[in-house]
């Protein structure tokens, strides 16, 4: 469970609800089913037209992943790569193919290393994998970024419809206020969805991608330098650039041999 | 038929129409022929002034393509390239020129491969083709992106004209409401066109281009690595970077020999 | 004459004028000389302050060029380069210096080719020419893009002045409407200039530049590959990447020998 | 203490407070606790959802660093690198490892230089460190940039809530003014936070990063050229590009030997 | 004196003042000292918080430079480099160190050329100088760009303060108009400063930088090619890419020997 994400979305919505109750005990004036339908429905419709169907689905899945605990940890991966260096030194590169790796990317890297593939070849193939993942993640982030622009746009369309109808039939001045309130509701829904949900989720997906790319780059660089030097300290030197200076642990710790 | 596109545009428009009927049974107040003319006509006029005539025409054609089934399928192209590897191994590179390929790009790639052209030359020529296609597609997407800015701009111009005329002749307060309703209509038309049609189509064209470029890159990389190694597994390794790890099929499936 | 540009600007302005007449027979309320002066004058003043004087002048010249027929035709240049290949093969590279070329860029390229300059040197020099042209064209496009932001900004300044004066002297409620109408006029002028003239012209200049760069790149690549291979088909293969697959003519047509 | 930062934020807030007192002696109308909560709370909530928790914390720490004296001084680092050149010449490269350096980056560079590592290796490793630091700083700046967009967005949401409640219950025309004043307060809070605090801090962090990167690049280039030439003047020539021509001190000053 | 800059700013301000006088003979309603203080003071405060103090000062100096005659002239520098070629040919490269050059950059380039430094070394060192200058100029332009966003933001804050105070105390409907007029004044000041001063100056600084970079690149390329070929025509060919084809003078003119 990613508590920051969870607290973020819950407290964001709670603050809005609280502000509504503070201003008036009548919450019902903020519920307008046709307005909710035009904003959410319109946003979904425009998103379906904008993206490939499978990208829209991938975005829906990613939405839940945002609230799940992130499993990417560059620091831990550095430790993993260092222990793999020791295995390679003791038992030879071939032993790497027997290592049980969770990440398919690490598995692939170790497979190529144990096949004693060309260093250039390993680097290029892993880089192609990283670029391809970057592209797929970019599309998913883009789905939420676009939803963050469609929601306020449909909100404004709803408000325009309400305003035009109210202005065209100005029979009873008494109804102007309530009519405008209803018209403004869709603008409110659109801004709410964009500000509290779509834009932050797009941001979180980007933050996750940065971390995942970093982890993959540590695997790439670790595999290549393990192949080249087979030397614990050299691999450590190479990978330690990925963490801030004050977080770097002395290379010896846990190295042990 | 691209159902997601179709459902997206139909449901988007239906939601707007539904919202109008929900608010008032009088749909006619949303029909204003001069307003429609100034927004659509103005957008077309500005687009003609902005782009080369042939690019505007290409954009109109692309608009229909968006609703047609997309024929680009990177996964299928990987399978195709793998089966071409087998043909090349069994019958030699020259046999590739006899393969019947739908895609002119694949045809060109195979032609060069069967001529045993230089690997560098093949890569550069195919890359030049890809860059040139990217540029042409970019221009077409740009037509819709610009239309998505021109439509609201002409909508605002129409509203300004209406407001200025109303304000200059404030004879009868009774007519203020209906006059403002009519003035706001062009803003509504402009936003509607941009949000429900132009911006999503620009997005879909971009998504299609990403997929097409990927397919062409698979052909490029497949042809080059088929030339280099003539080895089924090596070509598979190279191309599998283009699909997510969990979608990669074991190389053996369908490989058969 | 570039008819698309011409029709675009004429019909854009005609639609606006038509919309004004449709709403009211009194066109005079849309004419306000001080308002026109502040928007056009202010835009020119800010542009003079923003750019080098010679760049502003170059932009004014470019404005007329947009309505002149574009002479850049990549397809025609491919044909030209192919016929030059034949001349080079029959009469030798020296003959290229005697070819009468309209474009100073082509002249320069042929001059270097007939001097049998180094391939690398030709490519670099021509690329430097292309980069330099790109930079100059970018500045000219930027003049119109900036004018497209200054015009609405001065329009808003004019409206603010009118509103402030009206609000400060609310003596006679009768005059509020007409005063606001006059105040809104500068916003209208500013948006009109930006939407119907400045932004589209900036776009067209960009479209023209893309085409011109493409033509120059065909000359560059054609000259280099004509130097390298002196072979009609090879030059054709190299240059055909610049046109879409379905527009490529069989290399033999017009080749004749 | 960074006095410019301090004076900037204090005088910015003082001007706003002064403007409020100038307009009316009643400051209390600008205090609205629920409004402050929705804007600050909402901004924090959306930020927690957008970024990794540790990045949000890093941003909070960076906020205080902005008001602390900046310790990065490219000029001083050039002097340091020059004096290290003299040590290297007199006592050999090995002596560099005994130099006491504050900066962990300089320590690392000197360590590698005294190990007589490969020039290419030193450059690449230091560059990887610089890129990694750039990425981490970019994320921290991004936290403030996003807060600078979330604050006005929550301000607008608060205003919409207030407006909708006011319009829905237009019982007493007397209360319209004060209700609207309260509704506008959240827009005011949001703009205030973005304009006076979040956006300038994001800018200052960027300015600091530019200076820090420059200092690290001086260490990188200095170490590499000290390794290559071991020559005081050559190192000086190389590093002097980092300061404007008129600030360059003659190389001899302080060089002394 | 840069007359275009001077005429631009004077006529821009004159048009605004003229528009004010045209609308009403009472200029005093546009003078509001607290409003001017909040907009100018706030902009300065936010700028101090955003940038390093020395960058803010550099920007203030740059503001005056914009109105001084620009001394950068790429055409003249080409002529200078060509005459230096002749000196190098007649008297040898060493003679270049005796040439009296205004520009410290040219001096440095000639110094390195007369030392017969490595071509690669000269190119890299001069490029580092150019990159460093680009970075410093970018920061100065950024100061004005940011001021162009801070001024309207403080203008809006001032207007919000005025509106909130007016709405909170709607005692006397008579004062609504004048109060709103005063409130709108800060929006007017902010837009005025951004549109007539800050944004155009940022643009002009950018235009100046483009010209200066070009001049430095001519020195860089001229020095390198003078070193390589020592040949008048070759240097001319290399440098002429920097001017449009129709402005290129025949190489012989003024060459004379």
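Going by the order they are written in, the chains are A, B, C, D and E; count residues from 1 in each one.
The criterion applied here is as follows: a contact is a pair of C-beta atoms (placed from the backbone, for glycine too) under 8 Å apart; a residue touches a chain by one contact, two chains touch by 3 or more.
All values reported here derive from a predicted model rather than from experimental measurement.
Undergrad: Touching both chain D and chain E: give me those chains, sorted by label.
TA: Per touch definition, common to chain D and chain E: zero chains.
Undergrad: Hey, what chains does chain C share as contacts with chain E?
TA: Touching chain C and chain E alike: no chains returned.
Undergrad: Averaging only over C-alpha atoms, locate the centres of chain A and chain C and give their separation in whole Å.
TA: Once rounded, the distance between the two centres reads 40 Å.
Undergrad: Counting only Cα atoms for the centres, state how far chain A is from chain B in Å.
TA: 25
Undergrad: By the touch rule stated above, which residues of chain E touch at least two different other chains?
TA: In chain E, no residue touches two or more other chains.
Undergrad: Drawing the touching chains as a network, do you get a line, a ring, a star, a complete graph or other?
TA: Contact map by chain: ring.
Undergrad: Round the ring, from chain B on through chain C, what is the full list of chains in order?
TA: B, C, E, D, A
Undergrad: Any idea which chain E residues touch chain C in the complex?
TA: By the definition above, chain E touches chain C via 3-5, 7-9, 11-12, 15-16, 18-20, 22-24, 26, 29-30, 70, 176-178, 180-181, 184-185, 187-188, 191-192, 194-196, 199-201, 203-204, 207-208, 210-211, 237-238, 241-246.
Undergrad: Give every residue of chain C touching chain E within the complex, in rising order.
TA: Those in contact with chain E are residues 34, 37-38, 41-42, 44-53, 55-56, 104-105, 108, 125, 128-129, 131-133, 135-136, 139, 146, 149-150, 153-154, 156-158, 160-170.
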